[in-house]
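Before I ask anything, here is the structure I am working with.
The first chain written gets the first letter, and so on, giving A, B and C; residue counts start at 1 in each chain.
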């Protein structure tokens, strides 16, 4: 690797139990560059970041900054080495102002609890820090009242509050930002770059890499598989998706269906919720998979919750088997035959301390019991049959869910849905944190389910929606870009979802 | 763990409301208005309510209670809970009585009482702050331990004292109708208010309740702060227990029970004053004065124990309800 | 937990019980006499019932501090009904109704109005104590108790067992069936483990929380019926002695068996009653009992806490790597 690196990591290794999260990773970062880190979940990029920020200590390898060797290992050591980290979901105190959040823990020269909070000095220092950037925000406002991008800027300023910061790590900062907000964040990054900071930028959005980064590194399976200049990839000479995925993406997806005559099961007519989404018309049929692509902030999450009765629509209606329905709660939606595989399985889908049988049967306790009493033997047999059908690995029904990998946890959520025997299945972000093998299985199960039920897949992963669904539509800032269609190209869907440009 | 173990099922986000300025200052200062109104009503109905002797008595008991609830205020403000404070006070009280009646002098007995507070405060602090065990269950247990030892010291009954020593002498000092103790407590609370509003101490307490992770990530030793708060709660409780020994000229093993509800009520009701539902020391002080006056006035009006107990319970419920209501409104105004 | 690990814990529990029993027996052979064992089981019945109810609230990950006050109110209600000449069944029904009512009120406030459970239940408990003064302005009630047949609940026998113990066993069986054998039990646990996921699974989360509080209130009043039957008088502070043993039983049980459950609570109650009874037999005064129970509780919570044992293990392994 090049010798002019400001930060140079060599032969970094990290093992958790019997999982090798990083093997022999080399990584170099120059001053005044924005370096994008790419890779699917579990590829090793977050482990690398945690080593740099001192959350984990490395098992092997060396880290040099400006030629000086650093062991890191504790957050304090990382801060002293000049490494500033902005987490994916920055922790801020809502009632405190922006300036107070920036200097939280540094209210005074003196450490400890009995130091005077010098409000004027904090405000002055915060303003001085802010004035380094061509950005105008009101740092006197409580953070709780700020927009997402202003909060992100406060978090970056908080990370840069120390004079010695030389390396800035940004972990998916744009995930909650709108397109315009993103531009002001990128402006700030350009300024920092011009001031000589070395920036590591983690993202899932390839378009952002081309927009802002100078170089990128792709991680796969705990290794650094490639580092290139962005210019080199621009002409399409290097396929980043192929670098990121082990197998060519096409093999993951089951064949598409040609059926268009399936029975209509679930419909939305003019569905809308104020400030979230509007004018949603959908028709989900048996025999095909309907796909909706939308980034975070597009209203996709709220739409999925409305279809499932967590939220109620302000306008429009839902129809099930042709009859208008109104779900006041998920319980009503489930009873009517709608099942949601939620986007965040840890908080919405599973009881992590409970075992497979418990989690499989919990959404259909009526079926799991007779006269109110659980049918233990039968539930176990049913759970085993479902575990086989979703190919749960390992097939240990007594093991608490936290003992399974992300992909297998997701399979249990699918098994829970299968146990419910619903007429409509809604999959939200079905493969976040799911390894490639489990992904193929889950897509296969969706196709299988579509034989007997209507299947809707909603995701911020364009390739996933395009690959698995038969008809797709993009949701952009709460509005559908056209109506679901079979004849969309992938690029068309991508542009509609990212730029809101259906015609092209 | 916060003292609210609540599930957040409400995913519905409210429509952003608008803060009406008169409403805000009514919420901020309305409690003080209420105190004034209630006190005037009592004074009109029973003139003895404002007799010098009665005022002096109320100030004495309010001062002692205020000492006991100072640490508790900050613990609840930081999102923790301590239900052992009143038992620690009872144990300190019995320790002093036991030592004095067995011939030790008041200075030694006072030190013994305060040591009890340090030991129990340290026990709670160690288990909750360092080991991160659930505060409620730990303080239930340590409170029961303290109460049990308190009863054991007097073999189940109270100990009456013939002398009240220098502590009694201090309690008897007065400027006009104002006990010096009340002035000292007022000064202490003024200092506490400054620490809460001007120093990093108070800033971290409130920040910690909102987002503990943020404060930890900013490099603040949150565990140490919690440790200090539990220790402080134990020490302040034991100090009030020592004063009670002189004030009552006896050790009362079961005196804790009457302070339990009052302490939580004072902190939560007081949180409504000034800071929109966040417990704060001036609010606690105001609420202590309010409760003392209310219970005293109610006694003058001839209310039964039952009625007064019901008033206490209802006030606590109202306090809790108002806190939750106020927070829901502020959260709605700034959806995080 | 795997089955073998559970078996180890059960064996460990039985072993500890045997050791404690042997220790007391060696100090005073009367410990293992039939009379004492019956006294022990009767004592266990009162605390066990209150702990059973609390188990449900802890399973849904909430706290109830009102049940001691509610139990006092239940005791006074029952005592007053007997004193004014109502039949025993009506009196007991009245007492239990109080528990159910307060439990439902707690449940509604916590589940529906999202009030913080700890402070809210402290307040309702305080209210209940206030109400319990109504009947006699705080003096204890024992009029007509002997005639009413109330005392037979304590003295009578059922299937060779003392009646209080039979009632505890019956309640535990029913509670165990609900919590571990029925769909409702699944819903209770799902609510406690992850309320959001439970809600998404169609579990009526709020109803489960309210039901847990109602069961807790009901059980506390059932336990106070036994206590009043054994003491022969109802008084306004009858319930206060339930608080510590109930919390201790639930937490001790879940520390012993790794999770909160009906058998764990019963085991916790048994362990405590064993110790309390033993110390009483050794003529240790009553006011030490809370000290013993709370010390055991603190040690059990600290000793079985995964973080604590993890920290100890980490410290040990660090020492090894250093060496």
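Brief remarks on what is shown
Operating definition for what follows: a contact is a pair of C-beta atoms (placed from the backbone, for glycine too) under 8 Å apart; a residue touches a chain by one contact, two chains touch by 3 or more.
Bear in mind the structure is a predicted one, so any value in this text is a computation, not a measurement.
Chain centre most remote from that of chain B: A (centre = mean of CA atoms).
If you tally contacting C-beta pairs for each pair of chains, B-C comes out on top. If you average the CA atoms of chain B and of chain C, the two centres end up 29 Å from each other.
Distance between chain centres (mean CA atoms), chain A to chain B: 45 Å. Annotation for chain B: no residues touch two or more other chains.
Looking at chain A, one finds that residues 310 touch two or more other chains. Among all residues of chain C, those that touch two or more other chains are 196, 199.
Chain contact summary for the complex, chain B toward chain A: residues 11-12, 195, 198-201, 203-204, 206-207, 210-211, 213-215, 217-220, 225, 228, 333-334, 336.
The residues of chain C lying in touch with chain B in their complex are 61-63, 65, 110, 113-120, 122-134, 137-138, 195-196, 199, 205-206, 240, 243-244, 247-248, 251, 285-291, 293-295, 297-298, 301-302, 305, 307-308.
Across the complex, chain A meets chain C through its residues 308, 310, 329-331, 334-335, 340, 342, 347-354, 358, 361-366, 368-369, 372-374, 398, 416. Across the complex, chain B meets chain C through its residues 3-10, 81, 83, 127, 131-134, 136-138, 140-145, 147-149, 151-152, 155-156, 257, 260-261, 264-265, 268, 304-314, 316-317, 320-321, 324, 328. For chain C in complex with chain A, the touching residues are 2-3, 177, 181-187, 189-190, 193-194, 196-204.
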